[in-house]
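Chain nomenclature is as follows: A, B, C and D, assigned in order of appearance, with residue numbering initiated at 1 for each chain independently.
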Amino acid sequence: MADTTYIGAINDALASAMRRDPAVRIVGEDVAEGGPFGATKGLAAEFGERVRDTPISESSIMGIGAGMALAGLRPVVEIMFIDFITLALDQLANQAAKARYMSGGQLRCPLVVRTSVGAGTRSGAQHSQSLEAWLLHVPGLSVVMPATAADAGGLLLSALRADDPVVVVENKELYFRKEPRVDLAPVPIGAAAVRRPGRDVTCVATSRTVHEALAAADELARDGTEVEVIDPRTLHPLDLDTIVGSVRRTHRCVVAHEAVRQGGFGAEVAALVQEHAFDALDAPVARLGAPYAPVPVSPPLEDAYLVRAPAIAAAVRSLVA
Amino acid sequence: MWLIRAFEESVSELVGTGEVVGLVHVSIGQEASAVGVCDVLEARDRVYSGHRAHGHVLARGADPTAVMAELMGKATGLCGGKGGSMHLVDVTHGVLGATGVVGGTIPLALGTALALRETAPGAVAVVFFGDGAVQTGYFHECLNMAALWKAPVLLVCENNGYAEFTPRSAHTPVERVTRHAETYGIDARTVDGNDVVAVREAAAALVAPLRGGGGPALLECLTYRMRGHYEGDPARYREASELAEWKAKDPVRRCASAAVERGELSADDAAACEAAARRAVAAAVAAARSAPFPPPSALTEDVGG
Amino acid sequence: MADTTYIGAINDALASAMRRDPAVRIVGEDVAEGGPFGATKGLAAEFGERVRDTPISESSIMGIGAGMALAGLRPVVEIMFIDFITLALDQLANQAAKARYMSGGQLRCPLVVRTSVGAGTRSGAQHSQSLEAWLLHVPGLSVVMPATAADAGGLLLSALRADDPVVVVENKELYFRKEPRVDLAPVPIGAAAVRRPGRDVTCVATSRTVHEALAAADELARDGTEVEVIDPRTLHPLDLDTIVGSVRRTHRCVVAHEAVRQGGFGAEVAALVQEHAFDALDAPVARLGAPYAPVPVSPPLEDAYLVRAPAIAAAVRSLVA
Amino acid sequence: MWLIRAFEESVSELVGTGEVVGLVHVSIGQEASAVGVCDVLEARDRVYSGHRAHGHVLARGADPTAVMAELMGKATGLCGGKGGSMHLVDVTHGVLGATGVVGGTIPLALGTALALRETAPGAVAVVFFGDGAVQTGYFHECLNMAALWKAPVLLVCENNGYAEFTPRSAHTPVERVTRHAETYGIDARTVDGNDVVAVREAAAALVAPLRGGGGPALLECLTYRMRGHYEGDPARYREASELAEWKAKDPVRRCASAAVERGELSADDAAACEAAARRAVAAAVAAARSAPFPPPSALTEDVGG
């Protein structure tokens, strides 16, 4: 079969969901033109006004999506860069996430938000952040973070069948990564994927860093260290059993993500792992993430900012040393 | 209107006794906008409110016992006691949300209007908000998009001249909210918000084109809150004379006496209306009072995520 | 000496800073009238236009504060409830926090943000949140969280002498708590306070939960368990040495805060403690926080939502069991 | 203007070679608003820009070598290579910020204006933004507050008819940005933004009252970007005829030929101007190219917090 890309899978999933479910809508800036990365390419031609271009009004756009969802539609709101979700968190965290609870279960808000994280494009501190950890801290939001094309399409399909808000956190560096095409199929929310089995160290990695972890695992395997790479895929609800089960076998754990280490998803994983597998751990859970700094533009600085395979390999080595 | 008045007076007392909990904003003095607007709405329409929401929900037909129970945090409350005064929702009566974040339901209403246009053509979405909300980005972003997309949404500004403790003049140099609508070519009217008949007429005139596929509309109701911003606010920031002036324009009494004057109602009937409302509220209070609190399990139910 | 309150100390600190430094300004809704809790009471009378009432425009108000700070003033922006910071995070996280870095050190942004967290007032899901963990994840922001009147005043004074943005996270339930008056003095940013020494278990608690931890410690002391209660006071930069030093002595650690447990500050502390004191730990670090739910209004539910002394005592007991 | 034009053309080429990095928006076709406005500013004034910022910074007098080095991420860049194209800051020349978040510098400029009024009376703050930014809440919230507080801020909208790939008509029904200023009684003008003399005159007329303690002002410059939204955008969403039409109104060539026509400049001098600008840019590129990247330690320096 031909290759596919992460962005292609997103585009396919949107088209397929729109064909299947007349309630699906797309709302965002430049979505009719396909968006800057092509995620919504061709959809306006096929679905007309169901694909709605908006002005630059992120704060309200999120609420418009929520208001559509409360009235029975299934909107997909696109926030081009997660950096701009800073403008839209009132509607996401205060309205959409809490509508069901505050109404005592009268309301459901099947809102899907697509947004992108990630540095490496030299786009600077306001177009490169990874802020997904904020969303974990908001009860009522599911958060998925695909690392592969199959998951990008499959998790989006599942999000579009969920009855509560789901944020799909994509990664810009993965958009054009080629992958052998697989049939588009829903990937369940809340199920981790073991990307590579291994007996020596568990590495929990998200999004782009899954591929870095796999590269590190390849290298380490040459020295005889077998790393089990777990991709949670969903940050909330988290598939803790898969992670804890693995650590109970390997006795060691590294967590890696692109976001700033302090206050990141890795802190939650480390806290949970030490809580649920304390007796099994032979070493502290190691955390890898970005340093405490905004994302710089300068190439050598940005390269140093990103968690890449060598850093993961080094962390694993120091755990097994 | 008497129902709302009696309800709010009762709420005010029950805040005093601690039975009604939380940060409570009553709408005494503003009943006419709720009643006048909701009177032209149909079952298929959808309504959103703000932090001063009791009147809107009651005007839509919500059960006073369930509203009162909600304000007390009881299991039988509209929202099972979890939402409270600023978050009243009554899906059965088409109320999809109220908000503690000023301006926060304006985009929700716009989104709902867009949905209704496709799923229930002819239905409208309505959102009530205060003059303070007019200075939020939400109001302006949504005014633009509502006009751009000709959404069937009616924006109702209850302009009571204050946002919390601060008068309009310290918030904006723009005196009339309708001025903003003009910029976008949006149909808009300013009415005496203490005259329920005037409100009703203006609302009917604005809503009719929306049902026919027309663009958004804005209704500005000039009114006054006869109590402090929240229950407990001594309202030292305003003159006694101002309050007295507005008391003379009390929308509830004015409506009743006008009806009597026009001969539509006898003085006895008018008094009976008030008495019936007070009885209904007393019964609602009694029922809400004796209702149970939610079980501990409710804490983590209906979270989603 | 007479008693003081947390809100009184804030008021004193603002007045004293304004007298001392002509660059200090206050910007926020209803601040001239004193605000809903009286934090700015009397300041407009003394300082006139230096206390600026604003319309309900949080998104821009934060930026106006940042723009004043970039031009050399020292504004204190008040965001009445942290729930509304969801409207203002672009200016706080994207502009104020990054201005110094993105300008290569040309700019400084001495912006102080005062805001309040906390439930217990039956005010519902949009007026009761504790979102301070979001701020830790934003490089460039200092975050202080006073538990006492002395710290509320003292940390605010220090914030008003800092040259980078500081968010002062106050707690509504503490505002009217009485405390013996102490002289107003700056409390250094980045220094934890040991509120009670103890040899058996370290309890790291923030803000309101400091008092719950002290109550739990009193009770546990009766059974012979001595809890060391540490109040970090500053969440970033964190005084990790004090915490780790304590855990190395006690071998056990509980972290308590009012915020939702998942993705909260406690995750960061647990991750750091297991990393830096792994060999010293006799049990996993325990975390206490709110359940995964919005804050309900109903009194029995909200009471159950809050972390109180008995829950802390129970967590300590299970650690020493 | 030739300096900006030559600079931007060079940037465009260097994006092609990969030497200039990141998401780059050039201002070819929009030079007149930068130059016309900045020409009436003084050293004490403070300027903010948006994502299309190169021209504004150069018009304020920033060193082209330092700007180019910044776009390449070099240590000698204006911001040590850390800010990049959308975040140019040059405190020496009074540029306090640019932003990748559309509309994000409008509140900053308002805050700075309020500060200047007290600390440097007579100085003004200026913010450049596009027509897309007019649909953000920031614009409206700040228009209101600027008017309310009579802040010495000049809002300059470079209205090029597009926000990314979407024309004005899909963003708002309001054709003229000045319409919003009218609502607040704000002094405002719309000018041919490709006529540097007209821009300069309008800016001078608007700024003068601000220096004397007057309220805010808004300048709308009607212009066009002659390239895609960002470098790499094939701009398929617009007609070739539209581009051709605007090419005829090229602000740089127009200014040069007008000066020649008026006899202020000989044709030779005009050509010399262009050549000098191109030489200066070539020198800047060469110097920036040979400059070092920042040391690894810079990654975590100047973070604060």
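Here are a few things to note about the model shown:
Note that a residue touches a chain if its C-beta (ideal position, glycine included) is under 8 Å from a C-beta of that chain, and two chains touch if they have at least 3 such contacts.
In this text the structure is predicted, and so the values were computed from the model without any measurement.
Shared contact partners of chain B and chain C are A, D.
Centre-to-centre, using mean CA coordinates, chain B is 45 Å away from chain D. As a whole-number value, the distance joining the C-alpha centres of chain C and chain D reads 40 Å.
Centre to centre, using the average C-alpha position, chain A and chain D are separated by 35 Å. In chain B, the residues that reach two or more other chains under the touch definition are 77, 80-83, 87, 99-101, 104, 135-138, 141, 144, 148, 170-172, 303, 305.
Multi-chain contact residues, meaning those touching two or more other chains, occur in chain C at positions 55, 57, 59-60, 83-84, 86-87, 90, 94, 97, 101-102, 124-126, 138-140, 236, 291-294, 296. Judged by the touch criterion defined above, the protein chains are all mutually in contact, each touching every other. The touching residues of chain A, when paired with chain D in their complex, are 29-30, 32-33, 36, 53, 55-57, 59-60, 83-84, 86-87, 121-127, 291-294, 296-302, 304-305.
Of all the residues in chain C, the ones that touch chain A in their complex are 59, 83-84, 86-87, 89-90, 92-94, 97-98, 101-102, 124-126, 131, 133-134, 136-140, 236, 259-260, 262-268, 270-271, 274-276, 278, 281, 283-287, 291-294, 296. Contact residues on chain B toward chain D in their complex (touch as defined above): 135-141, 144, 147-148, 170-174, 179-180, 182-185.
If you check the complex, the residues on chain C that touch chain D are 52, 54-55, 57, 59-73, 75, 90-91, 94-95, 97, 99-109, 138-142, 163-165, 236-237. Across the complex, chain B meets chain A through its residues 46, 77-83, 87, 89-91, 96-97, 99-101, 104-116, 118-119, 125, 137-138, 141-142, 144-145, 148-149, 301-305.
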